[in-house]
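There are structures below to look over.
One chain, chain A, appears in both complexes that follow, with chain B as partner in the first and chain C in the second.
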Partner chain A sequence: MAEKAIDPLHQFEIVRLIPAKIGNLDVSFTNASLWMVIAIAAVTVFLVGGMRQRALVPGRWQSMAELSYEFIAGMIQDNVGSSGKKFFPFIFTLFMFILFGNMMGMVPYSFTFTSHIVVTFAMAFVVFIGVTIVGFAYHGAHFLSFFVPKGVPKIMLVLMVPIEVLSYLTRPVSLSIRLFANMMAGHTMLKVFAAFTVMLGIFGIAPLAINVALTGFEFLVAFLQAYVFTVLTCIYLNDAIHLH
Partner chain B sequence: MATEPPPPNLDELERRLKQARPEPVETGVGAADRPRAMGMAFRVSVELVSALAVGVGLGWLLDYWLGTGPWMMVVMFFLGAAAGMLNVYRAVEGLGFGRWSKGSAATKEEDRGERG
Partner chain C sequence: MPQLHFQDFPPQLVWLAITFVVLYLLMSKVALPKIGQVLDARAIKITADLDRATKLKDEAAGVLAAYEKALADARAQAQATIKAVADRMQKDAEAREGALAKKLAADTEAAEGRIKAARDQAMASLTQVAAEITKAAAEKLISQPVNDAVASAAVAAVAKERA
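Moving on to the complex of A and B:
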């Protein structure tokens, strides 16, 4: 440890596990891919295993599976209404994938794929495109009235419509940056304080205490960011379905 | 035989209970609401910056395609800033989730306020 410089960003490094190429496209199976597969497997085991018993009075495991179902079902009901029920599978998948990605990132020596903007932006962009398609499918060209705020004088529309369009285009960016920045900042901070602990020797007890608190905080953030990402997806969906 | 005390008057009891119970104190954000408030804070902080970034980025792209010098970027910079503020305004409106989301936290909060 002493001769090797401590690099808090080393944990985010992408490693090609199975190099592969299609033309000029690098389609290697990386550690990020590996952890995504693990996340999907873990979610599947968690839900399928939990519901295997189908007990009327659920045990602990089944309770957790049912709790996560009800949490998302309630979220959709609150933010979109009953017309959002159709989108439950998508939103539930999104939430569980992000939640497990964030939570598994808290395991030492694991890899947090949600700390990469490529991953979060891909998810946010799918949400953005999907919501736009839903909007056009439900309202046709009338969906464009979403960009015309109500009760604004005609002259101001010249200014307001571009602002509204920009505000709409911001969605995938803010959605992805929020998740990626929170995860990356948190994990970097953990690593920095861990490095202080090693460097300070006996006085390392102070950064160690901070790290303990930070770890708890990071678990909160891991859940919170999965929640925020999903709730915003619901809100965007609601905007597209109900317009204004 | 000692006389038993008369059964307490219900109205009297109600009054005394009310006195004994402290009034619910408004403490702003309660401990239970803290995660939600934090989610809100995370949400708002990014909203402003990303709108500005998207504005400038789009302006730069338009300039690149149309060859209009720095002008589109300048215009889009201000539009992006306005869009960011609009986003923040919508996000924090009534501390709910936007003006148009029916049954959102905002409308529920209002309902609660009226009833309670």
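Moving on to the complex of A and C:
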């Protein structure tokens, strides 16, 4: 099993902790499910626990809870404007879910559910569909003018409109792959260097040092990717509401 | 690559949907309203405190203005009182001075009158004495009585000539 130990992709394997099926649908409670549940529990405890005192002058914990609220509220205000307020709970949920998924993945022996393309793509797809619905709900058929760039000669539109449509359709792909690839690459790299550390014995100090640096870097990436995913969602939402 | 094991997709999607919806409900119904309330309450409190501070500051400025006005009034009144007293004192002094000058003038006049009377008297008696001396001298020179009226006329004539 020594080869298994240095397989850097082993950590991404889905393990069915409680196999279950509804009809033909596999609804097994897996390690990914477990960490999703842990993440939402942690988010809830973090926020509700932080606000339990409702202090006028907040303590450290309450400050962090308020900070996360104001961070996302500010992000929506900056990128979408006040018309984005009604999407605040969704954007906030999205950010906290991804952030805690990424951060919990940094705990040794945990599982990073955001390193799975199916999870990130599902979230990106929901955002994509949601934003498109919002666009049509706000502007009706006029939303299609979003794909027609202004001030472009008519003849060029033959070329431009398909490009615009294509770039719009690739949004969920880029959004999901960015998050998934970042999380997977980071964790794979950590695992590779950790395996080197074990293999090299006393000289393992070198990859260990790299791993220390990488761990810090991965925390940054964990936050940054949650932020990027959320900011892009806000920007897409802004496009849908304000059309360019 | 475990991410591409398609048979693992359904359970992940199912649990993603469950956990995400649960988290969304927890956030939108419990956590976010709670934080929002606290932040609103704080914003209201801060605004109210600032308003009260502004009001108190205005009040303090009003009190200061009233105090300064009272001070200025008191000072003006004191000045007026001092001026009135000084005026009255000056008037009194002038009146007293005037009365004194009048009295002195009257006294001087009376004294001058007395001196003039005394001198007139003296002058009159001088003429009489001169007439008597003239009469006596003439009687001695001519050894016969001289009429009083003649002597007086002679003295008057000489006096007139010398004057």
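Details
Here, the second predicted complex is superposed on the first by the 239 of 244 C-alpha atoms of A that agree within 3 Å, B and C clash if a C-alpha of one lies under 4 Å from a C-alpha of the other, contacts with A are read in each partner's own complex, and residues count from 1 in each chain.
Definition applied: a residue touches a chain if its C-beta (ideal position, glycine included) is under 8 Å from a C-beta of that chain, and two chains touch if they have at least 3 such contacts.
Owing to the predicted nature of the structure, the values given are computational and were not obtained by experimental measurement.
In the overlay built on the shared chain, the residue A:Asp239 is in contact with chain B alone; chain C does not reach it. With both structures placed on the common chain, the touch criterion links A:Gly59 to neither chain B nor chain C. In the superposition on chain A, contact is made by A:Ala181 with chain B only, not with chain C.
Touching more residues of chain A than its counterpart among chain B and chain C is C. By the touch criterion defined above, A:Ala122 lies against chain C but remains apart from chain B after alignment on the C-alpha atoms of chain A.
Of the two partner chains placed by superposition, only chain B is touched by A:Pro162; chain C is not. When the two structures are aligned on the shared chain, A:Glu70 is found in touch with chain C, with no touch to chain B. Across the complex, chain A is touched by residues 1-5, 7-17, 19-20, 22-24, 26-28, 30-32, 34-39, 41-42, 45 of chain C.
For chain A in complex with chain C, the touching residues are 9-10, 12-14, 16, 25-30, 32-33, 36-37, 39-40, 43-44, 47-48, 51, 54-56, 58, 62, 65-66, 69-70, 88-90, 92-93, 96-97, 113, 115-119, 122-123, 180, 184. Those residues of chain A whose C-beta lies close enough to touch chain B in the complex are 77-79, 81, 162-164, 166-167, 169-170, 173-174, 177-178, 181-182, 220, 223-225, 227-228, 231-232, 235, 238-239, 242-244. Of all residues in chain B, those touching chain A in their complex are 35, 38-39, 42-43, 46-47, 49-51, 53-55, 58, 76, 79-80, 82-84, 86-87, 97-105, 108.
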